[in-house]
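Read through the structures below before going on.
Presented sequentially are two complexes of chain A, the first with chain B as partner and the second with chain C.
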Partner chain A sequence: MSTPATDYVIETVALSKRYGRKLALDHLDLRIPRGRIHAIVGANGAGKSTLFRVLLGFLPPTVGQARILGRDSQRLRPEDRARIGFVNEEHTLPGWMKVAAVTAMQRHQYPRWNQHAYDEVLGHYHVLPEQKVAQLSRGERAGLNLALALAQGPELLVLDEPTLGLDVVAKRAFLESLMYSNAAEQCTVIYCSHQMEEIERIADNLIILERGQLKNMSAPEEFCARVTHWVADIPFKGPDPATVPGLLQLQRLDGLHHYLVLDQDEDFAEFLRASGARSIQSMPVSLDRAVNGFLTKNHAAPAQPQRQH
Partner chain B sequence: MARTQALMIQIATGDARPISKQIVDGVRMKIATAELKPGAQLPSVRGLAQQLMINPNTVAKAYAELTSEGWLESRQGLGLFVATPRQRLSDAERERRMDDAVQAFVHEVIALDYPPDHAQFLVQPRQRLSDAERERRMDDAVQAFVHEVIALDYPPDRALARLDEELRVIAPKKKSA
Partner chain C sequence: MWDMFKAEMQRFRIWAIAYAVLQLVILGFMTRVVDLAQQPRLVYEVLAGVYAVTGLLLGLYQMGGYRKPNTWMNLLHRPIPHGKLAAVLVGAGALQLAVAIVLPLWLLAGWQEFMTARVVDHRHLLLGVSAWLIAVCAYLAGAYAMLANRRYGYSGIALLSWLVFSQATGLGAIAVQLITLAMLAGMVWVAFKPDLGAAPHTLPRTFFTAVPLQLAMWLALVMAGFGIEFLWIAQGSHPNNAPVPAAGGEKESENAEGKDLMVMGLRGSRDPQAPLWREQAQISEVFSFGPGLRATPVRNELVNIVPMEFDDEQHRIRWVFSHDRMRLEGYSLVDYRSVGELGVEGDAPFPEPVMPGPENSLIGTTRVYQYDSDQKRVMPRLRLPAGERITGYDRVGDDLALLSDRAVYFYDGRDLAASDGMLTPRQRLAIPGKVGDLYRADAIELLDGYLVSFLFSRSAHNAEGALPYQQMTRIDDQGNAMPIMRRDLKSGFPALWRYQNWFPAPVIYELQRAARRLFAGYQITDDTARPPVPRQVAVIAGVLMLLSLLGAVWWTRKTDLSMSARIAWIVACGVLSLPALMSLRLIHPRREVLQPQRVAQPALA
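What follows is the complex of A and B.
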């Protein structure tokens, strides 16, 4: 009995995954709706790889549930897997095989094979059918992987750092195929990356994972608006960093205090004034500054004992 | 010959302004400076997205905002065009918003301790920002004011006159003998 398509392509409920003492996923509640391009960012070890291993059924959860395209991740059948395309950084394809042979193999495997989608992507690259996969450049291999994945006609396309190590030409071709090809428009795209410049260009939705938890899910500009940069002239040491609300980062530069803070409004100026600030200014920040500041937050105040309030 | 007019705007990633806002500001500027005239056709959502190498939904968002503000109009089946100028706000509303913009600018001039008459400034003991930082902040304030003048479709010479009026109030205290 098949499950009807849900509104969520990915759904986790209190999903946890433990490796020995390490909790890679921590009661994760993630719901990604169908359609559009969703970027997932997080520091290494944030849980991205583990999440996808669980979602694709390669690992069981320790606790909780994971569903992909409405199916239980632990009970995926071949026809479910056929609806999911996957492109990762290694672009693993048999090096000894010719491009034509790899393509024929994939075409045979997927009944919904869309040759036009394949040609549309691969047309950006100078790849000849008789070339062996190992002879292709990194960028050409990435293009080939994307062409194969999109031609399969997936409902969900997952990309894990696909442009890492690509030259500018190849990267541009890859992103163009992802944003403007008809085949890509038909599916939901999940894009894992550290490269904020790319994410700012392509993402409709920004998902931030940290230590196995969901920290943000919103349009990129909404997240960006939550972070502000304050500069204050405070004589002497200024407030104890542990007491600064929403603190992501603190710098002392040329005698001024620079605060990068999260979810603070004009009341933050009052806090600074109460701490003795003589002049106070604030300004918005770029997306990469906001995300990087957020992710490096725990390095803001080295060797400070954590105080619970 | 193409019917679409070229839209010569740039966007920058790593900017504090979201990309959709950069597009909105860019298009408004082109219209205000008459580089884009009423009736000119804008690039399609997809076309502009490809030109700028960004997600088409971002362009769609910017176009939607420009349309709801009355800068652009959609013609069924043909595309998006620069609208003929028409009163979008009541006179009272425009005056009020121009008041706000003038006050905001004047406050920034005071806060930055910037010489209102652009005369050579003395190094004040209270000056705490570096010169480069002050200039940058003043740039931002000027840009914000100009953008508001354009957004309100306010006659620029009248806007300058209003600004001049307000700045004169604080200027005498700063002029050196």
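What follows is the complex of A and C.
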């Protein structure tokens, strides 16, 4: 039975997953095209890990469908798994094994093993074959994990927060080994991270999940262009935040109102003037600021207690 | 695959080797002090418990390490069928246990066989295999506990109870262990899947999940009964610990002195001699010869009922029975060198294994032998008719009483000392009941024969045996037996209590009963007269089965089971009663649905 041809490496239709009373994935319709590096970002609890677990067949959806490389995610066969590389945040490799033994094991298990890709990635790290995995630093373990995953020759490589807990040097080494790997160029990469500077460097496509829903799918620069930072000198209180269109964040610093807004053009300046602004300044924002502003918009906070009169 | 197997072996190799060395040191020391091949059953049971705990911990630890979500994904997300992965990990675990457990045992057995005059039979090598099988079973139960859904992962441990309560011996015990192992391997195979919490949906997977779980649920109900019994005992009104046993009850008779029991048995008798016998019972010596032998040795049994050896103090020789040679093998207690073999009447092999009894006797299943220290000879002295088995052997005054599963045979005790031939019984008195129910037998000598009291109450407290009664019988010197009086005793246990393990699940009760007896052969303790189930108990069992069926109809509508699976579960609950319904609830929780209303979100920041 051949794998159905499809233009999408990942395709979900109304995918929902419920844990008790909480929806981790909420009618998620997601289509990730083949090729390039796709970054998935979202706050903790946005449903990223749940999505990966469903996609790899480790969790059944409550309703909806999920396909990965054209195959129903709940019916993945060993051959399908050979085509999907997966690197998780913990880099869970058997600590009692030597690097050479882990490599040999993977080499025998994956028919499309690419020794050159392995050597190319591991060349960024000072890892010796006779070292035990448990003796490697977290960064070296991440590098080894990436090397093993890329050497499998996957069509799709899923990286679930691979740089979590790594120091600056290790992060840089990891990203460089990914970016300059020929093997990575030949497959579709799904990169899940909270590190916006990483996303900015490597991602061609930015996918934002929030509370299990797809909120954005575009190039990172396109998303940045949607978010603007306005500084207005408004005496007194300023407009009611509920009336501010597209408001993501509001801060009052040194008597100035700082508005981070989504999808607002020059009309927003008119709105501020109408609200009593004496001077207005608009500026672009970094991807980090844009995504953080977007994600913190609906960030949960304790409900305000009602005052007793 | 081989790489993964090697890796898993590497993971625990230090522990396995250390365990083997430690065991070698401890058992090696013990074997210098005692003969480990000739220990009573309890010693082997303790060792089996240690091996089981070892296996259980290994299973819990090994699979516990893999169960963490990311580790599990890393393990299973590879181009290898999950069944093969499971086989590799389990195979490595089983081999580690073989290294840690069997290797030292066989090394010690080899040392004992080739370096000492002690007896080592093939059954002792099988005992090592049995130890390994027990450890592997417990290992698989531990692995299943880690991998299966937490709602029912413990059921593998419940399945181990079969090993504890099975009555099978020898190769039969090995067979039971292999069946348990196969079942547990199937359970691990079912649990070893990407989604660890997923309910089984195919017939084989449901079988491997539901069968042990239903046993576990039944055991849980049994344990609940124990809990109530503990409260009953603590409260002080339990028949077994009441300050004064109830008059006319089974406990009063079980605890009574022989003479009092005789008097109670004759109370109400219309026999003209009853008053005389009552007086005589008060002043005569009462001899108890109750079934002291609940089991006799079986050839190639893995463990001994009692050590199969006795010492000839006169010649300072220890004689040990060899199942392989079917003879006694002796070694000197002075220099521990072999002194040769001893068979029946010289060198003939024993037809059945024998264990040491009182007064230099050796007791088999159908015969009693006597060891003559002066001549260093073993002579057959008593023999039961074909088809009967020895269940007791005692002195009754100067005479001997040999109790079989059907009758008591009285012999003239003086002949035992005066001759060395086969003795002929003077009288045969049929047991007025089943030997498995017989709690005690007491006799007084009359001028012409014996007056014998049989108390049948051994299994009266549960659904396994006859309701308690006492039967008085007289037998004269000519062997004419005459029933004198039957006294039905009050049971301190109400019918619902006696059948507490039966009525929640009659079919499971009978299945576990059959499972315990599988490959066990004849068991004296099971040779009972089970009374018919009281009507009220049967009605309650029927009502529970009906309620379970209705409960299954109601619950399966809330699950995502297919129609055929629903029907199968409903039928199963109707037949298997409460444990099946409890299993259904645990295996198939309420269908996961999207609710229209979401969780209320807090106010926006």
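Rule of thumb we're sticking to: the second predicted complex is superposed on the first by the 297 of 309 C-alpha atoms of A that agree within 3 Å, B and C clash if a C-alpha of one lies under 4 Å from a C-alpha of the other, contacts with A are read in each partner's own complex, and residues count from 1 in each chain.
Note that a contact is a pair of C-beta atoms (placed from the backbone, for glycine too) under 8 Å apart; a residue touches a chain by one contact, two chains touch by 3 or more.
Everything numeric here is computed off the predicted structure, so don't read it as measured data.
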Chain B and chain C placed together on chain A: clash or fit? fit
Task: Considering only touches as defined above, state whether A:96 meets chain B (first), chain C (second), both or neither.
output: second
Please work out whether A:21 is in contact with chain B alone, chain C alone, both, or neither, and reply first, second, both or neither.
-> second
Margin query: Contact-wise, after the overlay, does A:161 reach chain B, chain C, both or neither (first, second, both, neither)?
Written below: neither
Exercise. For A:82, select first, second, both or neither according to whether it touches chain B, chain C, the two together, or no partner.
Key: second
Comparing chain B and chain C in the superposed model, the one touching more of chain A is C
The superposition places the nearest Cα atoms of chain B and chain C at a distance, in Å, of 24
Dual-contact residues of chain A, meaning touching chain B and chain C, are none
Counting only contacts in the complex, chain A reaches chain C at residues 16, 18, 21-23, 53, 56-60, 62-63, 78-79, 81-82, 84, 86, 88-90, 92-94, 96-97, 101-102, 104-105, 108-111, 296-304
As the complex stands, chain A meets chain B at residues 36-37, 172, 175-176, 179-180, 196-197, 200-204, 220-221, 224, 231, 233, 254, 256, 278-279, 281, 283-289
Seen from chain C, its contact residues with chain A in the complex are 2-4, 6-7, 10-11, 68-74, 76-81, 194-195, 198, 592-595, 598-599, 601-605
Residue positions on chain B within touch of chain A in the complex are 13-21, 46, 49-50, 53-57, 111, 128-130, 137, 140
